[in-house]
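Each in structure tokens, the structures are laid out below.
The following pair of complexes shares a single chain, chain A, combined with chain B in the former and chain C in the latter.
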Partner chain A sequence: MKETHIAEVIESNTTEMIAQCRDLHCSPPFGSFVKVKPTSTSVEGAGFLIYGLVFNVMTNSIEPNRRAVAYGKTEEELRNEQPQIFELLKTEFQAHLVGYQDQTGIKQILPSQPPRIHSFVYTCSLEEVREFTRQSDYLHTLFTISRVPPDELIIATIRNSLEAHAEDAHQYLIQVGKELSRLLREDYDRLSSILRRIAP
Partner chain B sequence: MDHRSGELGIITRGSLLEGMEMKLNPNRSVEDIKAGKFVVIEGEKHLFFSMITDVRLEVTNPQILTHPPSRENTLLRQVLSGTSTYATVILRPMLALERVENSHLINPTPQPVKTIPTHFALVYEADEEDVSRIFGREALDRKYFNIGKPLDMDTPVCLNLDRFVERSNGIFGKTGTGKTFLTRLVLSGLIKNEKAVNIIFDTHNEYGWGAMKETGGNRQDFVKGLKQIFGNRVAIFTLDPDSSRRRKVQADHEVLIGYDQIAVEDVIPLQDELSLHPTAMEAAYSIWARYKNDWLDTLLERGEEDIQALADELRTHPESLAALYRKLRRFRAFKFLIPKTSEDIIQKIMEYIDKGIHIVLEFGKESSMLCYLLVANIITRRIHELYVKRTEEYLATQNPANRPKQLVITIEEAHKFLNPRASKQTIFGTIARELRKYYVSLLVVDQRPSGIDDEILSQIGTKIIALLDDEKDIQAVLTGVSNPTGLRSVLASLDSKQQALILGHAVPMPIVIRSRDYDEQFYKDMGFLTEKEREEKVAADIEALFG
Partner chain C sequence: MTDNGPGVLDFSAVKKQIVYMVGEQKSHENIYQKKVEKALEELKRWQDWPLLNFKLSQSKTSWLTAQDFSEPLTAFSPLPPKPKQFTVIATDGSQIFPDRHEIALCYLINISSIVLHYGTGERPLLTSRPTLFYKEEDLYKEWNQHKVPVDGEMVGILRNLMEFQELARLVAHTREQSGIGGQEDIGTEGYENKKIGKHGMGYNTEIPERSDFKGVDDFPHPHAPASPHPCVSASPQVALYDGTLIFWHLEATPEDFSAYILREFLKVLDNFQKWRVPIAGYISYPRSADVIHTLRVGMCPERFVNCDKCPYRDLPELPCEPIQGVIDQTIFSYLLEPGERSTVFKSTSKILKNYGSHTIYFFYLNVGSEIARVEIPEWVAKNQNLLALTHAVIYDQVEKGQGYPVSLAEAHEKAVVRGSDRELFYRLLQDALVQQNIRVQSSCKSQKKRQISI
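Right, the complex of A and B next:
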């Protein structure tokens, strides 16, 4: 089956990328995995398959210096009366780069080059999520993101990936929990709070 | 190095003095880790054979202890387990074996531990090869005798009987822990492999013929005695032929002791039992000074009416003499004591010993402590005398034919003979102290080792110790053991039956065992044949002889 992309990279750096969604309000969920396919396999250095984790979703005006204004109407009313204003909006998300895949398999390491602008972004299938979350090393980079509360991101990420581990969910949670316990060394309260909120 | 399996954890810290600490692998349950277990630490240059002496729960973060995970919070528990909450196991290295670099071979002689393994050395459960490498195998040599198995293992641990008989030995443990069974095992080994001739003072009639076995329920089982297993290589001597007959025991010999065979020294150890005053003992010596071997006969004859005259004659205090008489009068009630015997029981015993026949001396109903002390003392003292004489002859002639047969004397309730006071007065104290200079050693069996003189305890070569829970007793049995800290907890955590810690001369390192089952299989291993098997064997022998 041919996959269709959900977004396109419009900005990137070594650790993060911003992608614009094809459709308004259609961002992959907060704390979900996305992948960026290499633009072309023939272009040298065009890169590998890169994995990102969505940590921030924003919707705003397509014009840099304009903001949407309040109309005091329901979305339905607005769509009927002024459909054009929706054309002026876009949804974007920020994803943290958590790893890539080369010939030898998945690496939970930053790629040497960020995704190229205009590369397409896809959601990850359950198998891909399962494959990627077999290791939990990526979790520690999530603590370095300062723009969102890292605990929230972690909770969302783990809850989202749980479906991919439906068969051994408990085992998976223990594995992740142990990694978190290591990362949160001195902070037992924080660990127990996270675990409490992760539990399905 | 062949790859070991059964990894338990890694060494994280430790010292030569305090032992090593191992962090238990998260996939192991701490509840499977038993004190006394035999394990191997794979160091860089050595294998360290060790014993688990203690197990401890640890947390990395004290917060966890303030708010421990609730019972429902299994996820949190499981997450913490093995990382933030983990178990530390204390190991005591007992022996080191050098690993030869780049080779499958291992330098085969275990050495005392003089160093410790490196950080993060892996710890494994010991395997069968380790056990036989250290403790030997019965198939290798007759000196090895299977006494049991290490905890959770299925390979025999062997006693080195040659080393065992080089010293006096002890079997200790609370009542009901299996001392008598262990003693029967050890004696069987000595008999089967012909490492020593035994005399067993059997107060409770448990060694010769059919002893009771507790089965937990109301039912009672019997186990075979040594005579039943070893046939005519064991003789039963009895002090109470009526009792033997009633129990359908085929006694080989009735023990009769003449008053003239009892020396004052034989009465001294009874002081406590009879509450004899020292002045009474002086009186005994004064009779002896005049009447020699007839002293006791004289006292018992004249004591009733003539005591004053006897006192005058001996120039001794009539009160002390009367007191002595009143106490020793009890001897008259002993059927095995008679004024004169036609045959010297000691001569008889020596005849058996010379033929290599082991003697179980049954007390029948004469099971009072007084009787036990008296008889054991009389017989042992005189046999020891003969052994001293024979040893001197042997040393003088250096003729191997004169060399006395190693003799092991087994006594239960040993603290009665070897308490600090008695051990200085009884022949048993002497034997224990002189090691085996005269080819006689003791096998002492006792439930209250703290009652035994420290000096004697420290002379004991091999100790087989079942559960003890009195702190004093634990301390006592570990007298003379270097660095006993860890062993204390091991001792206190033994099962209440059929488990024992063995340490000392006859084993290369201390080890906890489940003692060998004393059952049908054991009888068979000792060469016992059932009626049917015997008939078949005879038939086969005849067949072989006459074709």
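Right, the complex of A and C next:
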């Protein structure tokens, strides 16, 4: 079955990207994996599948000089009475680049080139999430994100990816638990807070 | 040395003049208030309105008057209920004027297309479409066997025509979508389609071009009752235009050009009439005084007025002068409550002689924040249903737009070409010329404006 894209890259740099969603309020969840397909296999440097992790979702006006205002009406009332406002809003998300896939397999390393502008973004299937999260090296890069509390992002990511590990959930939790205890070995309180909240 | 602040304008000098200006206005305020009171008295005096109508029809004045009213001048209509479902269609336009100092002689017109459906949950359309004009026939128009370059005035008029044609195209498309009618000659044979067809300019609307429309076979007879098509959407449509429907400024343009514009414009109105879709021109903060002028005719002691042969010129004040200077919106702000409209008047603008059955009528409407002027063709003015629909929908549009019709506000937002867009446009043009190895040259004046050395 042909995959349908959910968003389009509109800004990117070495470590992250911003994508605009096809539909308003239809962002992939906070802490979920997305992938950017290569725009063209014939263009050098645009040939890798890149993985990202959603860490920030925002909805705002499509025009920089216009802002949304409060109307005091329900969404249904607004759709009936002010239908234009939904065309003037957009949902975007920021994703942290966590790895890429080349001919040899998945690498939890930053890609040499960021995703190209206007490339399409897709959600990752459960198999893809399972494949990517076989290793937990990517977790340490999440601590470098300053715009959202990194602990929250890690908790959301692990909880979201648990579904992909339905058959080996226990094993998977031990694997990420070990990685987290390595990363937070000097902050026991923080570690135990994260572990408590990861527990299914 | 005096410090004029960051810009060139000497604000300290301007400020002094502003103070004088406001002082003078203040001193006129009392006089104006007396004039307004007198105008209101006059308005109420004409209970025998058919007599005034008759006097107007026989009079010759140099000013525009409001005529053909069918009730007292003080009559008003309350806000009619709006339909549960309806569609509002609006357009606006913006342009980059031809500039002979620039690198190439051309002009650009950007037309926006707004379709807002209410109560149906259908997705609205908000888009715009630019058209570049650069051919010989675009840049020069014939006038008395002479070629005259197209100026800003003509580009503005052309833009207005394109706005009307776009309104017709949107209505035709909306009707087609709801299964009411197929493609009719919607009067868009002019510049717009010719251009797009020939040059394939950027086209970001989701509405198919004419060639995609179906045939006209199933188009209902204009006077037939509602179409029997099973999936007909019963929701009425109203088309809004930003500004006057009276093309009075055509009088100053080349004859061939004005005849062409008028012909195409009337074609658009013909279709609206066939479709029974009201089209209305919305004028915010109108400065017109047609009704005041009508009262001035009423104040003249002569049986029939002929200003050219005014016998009162030797008097210190003419009999019609006590209310001169008052504008219509002022007196109607005393008469109309929010939602109410005035009676409907016929405009006497000279150009309307060419309008046939589309001659323009108008009414004033208290939209809450101001008194707006709404212009409509005769067939809307004389049809109580279409009139009530227009009245209700416009008031609702202003309410939704918090002071100005929301569809027209969005149309403006989509159409507007700002100064920075103009700069970018000329940069793109320059790049394209350079890429083709064409020598780029602009006037010294234009270059000097961009870079002035010290």
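Quick note on the criterion: the second predicted complex is superposed on the first by the 200 of 200 C-alpha atoms of A that agree within 3 Å, B and C clash if a C-alpha of one lies under 4 Å from a C-alpha of the other, contacts with A are read in each partner's own complex, and residues count from 1 in each chain.
Keep in mind that, in the parts below, a residue touches a chain if its C-beta (ideal position, glycine included) is under 8 Å from a C-beta of that chain, and two chains touch if they have at least 3 such contacts.
Everything numeric here is computed off the predicted structure, so don't read it as measured data.
When the two complexes are overlaid on their common chain A, residue A:E81 makes contact with chain C while staying clear of chain B.
Once the two complexes are overlaid on the shared chain, A:R147 sits clear of chain B and of chain C alike. Contacts of A:L173 after superposition on the shared chain: chain B is touched, whereas chain C is not. When the two structures are aligned on the shared chain, A:S181 is found in touch with chain B, with no touch to chain C.
In the superposed pair of complexes, A:R134 makes contact with neither chain B nor chain C. In the superposed model, A:H25 lies in contact with neither chain B nor chain C. The wider contact with chain A, measured as residues touched, comes from B rather than the other of chain B and chain C.
Look at A:E63: by the touch rule set out above, it reaches chain C but stays clear of chain B. Shared contact residues of chain A, touching chain B in one structure and chain C in the other, are absent. If you check the complex, the residues on chain A that touch chain B are 170, 173-174, 177-178, 180-182, 185-186, 188-189, 191-192, 195-196, 198-199.
Partner chain C is touched in their complex by these residues of chain A: 63, 66, 79-84, 86-88. Looking at the complex, you find that chain B touches chain A at residues 60-61, 63-64, 67, 69, 73, 75-76, 78-80, 82-84. Per the touch definition, chain C reaches chain A in the complex via residues 114, 116-119, 121-124, 126, 400, 406-407, 410, 413.
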